[in-house]
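Have a look at these structures, which come just after this line.
Heads up, the next two complexes both have chain A, just with different partners, chain B and then chain C.
So, the complex of A and B:
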């Protein structure tokens, strides 16, 4: 456990030193300033627009961190053979994977916390003088619930990205596969419902089966998306949230175990 | 040789400056017309497909579509039928991506009905908002209004108004209006039942209760008279010349009281009974 935390801490420090991270944070802050301008373009339910923009920026920044920072960080370890420096010490591959994931996960948590706070601030600023234009049921607990599940979905994407890195070891291929998985994960539910309800695909059971299999392989990221719920303060079932959380953590667990298994079989020399 | 090179460079500079000035003026002229020729780049994607492309950013895309449609309407002096179809599509896509957004349905009502002359389309889009915003009486109110004003479908207008009146916080006027249109649309009995159920609401204000009771009395009077008129017509093959005839012929002991006037109004040509002159 100590070694995992040590690698996590090193990864965290390594990421913090990365200038790209500052670029991402700066971009996020600029967008929050833009949130006030964008919101002013609307006439009704300005609060909804502010939450939409705010949480989307948190999500977008998190995805940029995963796709352009995290994947590179781990792939470079393998690609540039710097991993030998770590593995030559008494550190196992299991500890390496778990440590990397924890470190990068901490970066995501930091990003979501900082940008989430900025998002909340920008929502407050954008709607401060127009309280009548905030959706009737909007509440801050629901907003932060949306932020929490958004972060969980980012952690799921990070786990799947780490899995692809261990499978391919090449940063660009891992990036493509991760983007592909993210896209499918976001849409598999919608595509499935289109195929089931559309007459066009009624006579193509093969397609239905393929989508069904995909829904088991790729994470259903739409389930974590509570942005609309947060924007309008819609009621959400506690049981549903618990199941979604369990689903997310299980998926992360499965990805990490698979990453460890693949990584352990990999010949690094 | 050096002199020749400088001349060539100066000549090139002159040609480029000429080309730049011409193109700059052309661009400027075209940009000035931007407001009039502003286009709406809404592709005919189905709403489901839009969802696939938008992924978790569907809320943002919905906001963008509404903004784009609004800017398009505002940036053009006249829109063709085809362009209105595009605006309607943008609103539909936006509502499919985010069926809760108030701005979308308000723009649908403001633009598609009055300017786009597409009340049926507006009603179908408002219905999406109505289903997703059960706490909000406005979409139902607009739907009822469109049925009444644009489509002259009084029965459906009354149905929607009365249904919307049940929403907590909805003005009692909706129930009263729904009751009035029910008479025009031949749904008097249904309106009475609905108003009666509304009276059971413990949170109803005394003034609202009084208004609903009055409307119920008026509707009950209309119902009694309608039934008597129908009996008269079945018997005599024509409508009675006046409501008093119903009493004279023994079909009623006396005429019911109208809380809004000193008598009920009757059109002996089509047999229509109402509690106000507008009918």
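So, the complex of A and C:
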């Protein structure tokens, strides 16, 4: 555990001083300013628009951190052989993978916290003078619940990205596969329900089976999306939330176990 | 017991359908307290042997032992200090943070790290640069920081891959002095180098590798003929091996 935290510390510290991260934060802040302007262009459902844009910016910044910072950082360890200086010490590959995930996960948590606070501020500023346009049941706890599940979905995507980095030998391939997994994960449930309910595909059991398998393999990222719930302050079933959280953590666990097993066998030539 | 023992190591790499044999049944023992120079032309298999020794890659057959501990089965890493040919670091950390990380990863406590860091940075002329981010270091400074990482936990065995690579004469002298100090302390140093004058001056024994085969292992004086240099002897040995292979 001590070695995992050590790798996490070094990953976090190296990443937090990375100029690219400052760029992402700055971009996020600019988008929040834009949120106030965009919301002002709407004459109805201002609260819904402000919450949607705010949480989308947090999500977007998190994805940029995963796809362009995290994949690069771990791939650099392997390509430039920084990993040699770690694994030539009493540190195992299991500790390396878990430490890297924890360190990068902490960066995502920090990003979601800072940008989430900015999102809340931009929602407050955008709707301050137009209380009548804010949904009746809007509540901050529901907003932060949406932010929490959004962060959990980012942690799931990070675990998938780490898995692809351990499987592939080139960061670009890992990036493409991670993007591919993300887009399938976002849409697989919708596609599945369309195919199952539509008569058009009824005579194509092969397609149904492919989509069924894809829904088992790729994460159902849409399940973590509580933007509408947060925007309207809709009531949420605690059991459903528990199930989604358990699903998210289990998916992360499976990805990490697979990453460790693959990485244990990988030769670092 | 040998400090490092390569026992009949073979390794073949696959590049698509092409197979490249990197090591052919290499057996070599490095004794405790000796400085051993590992020589060979580019592509001879030196780096492959070092990577197998450090458990970065697995041999197809054979066993490597470090002080009797089997590489790939036992934990041996706390016994060694390693300097890669081109050390890469987490560039946004400072030299001090890098050494703190190296010490902690090697199981040292905070006090021990503090004491050794001070000593090692002074020895390697990096005391002022300790607080700077590694990204601001020159190549020579990075090489010295890599050596500082190998020294920080005061192991018994040092594996140095081209330690003089890219260094100016002052840097080379500094590293040479450190290696000689290690000999005085009774440490084992196993290093690969292309700079044969350094090898001749520093090493108790040498090993010469070509195309994955160990051609010679013993004192440099055993192959250096009267009036010739180690470089002449090295070139002669490699040429004879190439001729024998092509015949």
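Methods note: the second predicted complex is superposed on the first by the 268 of 269 C-alpha atoms of A that agree within 3 Å, B and C clash if a C-alpha of one lies under 4 Å from a C-alpha of the other, contacts with A are read in each partner's own complex, and residues count from 1 in each chain.
Definition applied: contacts are C-beta pairs under 8 Å (C-beta built on N, C-alpha and C of every residue); 3 or more make two chains touch, one makes a residue touch a chain.
What you see is a predicted model; the values in this text were computed from it and never measured.
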Partner chain in contact with A:34 - chain B first, chain C second, else both or neither: neither
Residues of chain A touched, compared between chain B and chain C (which is higher): B
Which superposed partner A:89 touches (first chain B, second chain C, both, neither): second
Partner chain(s) touched by A:117 [first = chain B, second = chain C, both, neither]: neither
Touching partner for A:217 - first (chain B), second (chain C), both, neither: neither
Partner chain(s) touched by A:10 [first = chain B, second = chain C, both, neither]: second
Partner chain in contact with A:227 - chain B first, chain C second, else both or neither: first
Which of chain B and chain C A:194 touches, first, second, both or neither: first
Touching residues on chain A, where the partner in the complex is chain C: 3, 6, 9-10, 13-15, 17-18, 80-82, 84-91, 267-269
Contacting residues of chain B [partner chain A, same complex]: 48-49, 51-52, 55-60, 63, 66-67, 98, 100-103, 106, 135-136
Touching residues on chain A, where the partner in the complex is chain B: 38, 41-45, 48-49, 52-53, 56, 59-60, 135-137, 153, 183, 186-187, 190-191, 193-194, 221-222, 225, 227-228, 231-232, 234
Chain C residues within the chain A interface of the complex: 13, 48, 51, 54-58, 75, 77-78, 80, 82, 84, 86-93, 97, 101-102, 104-107, 133, 146, 149
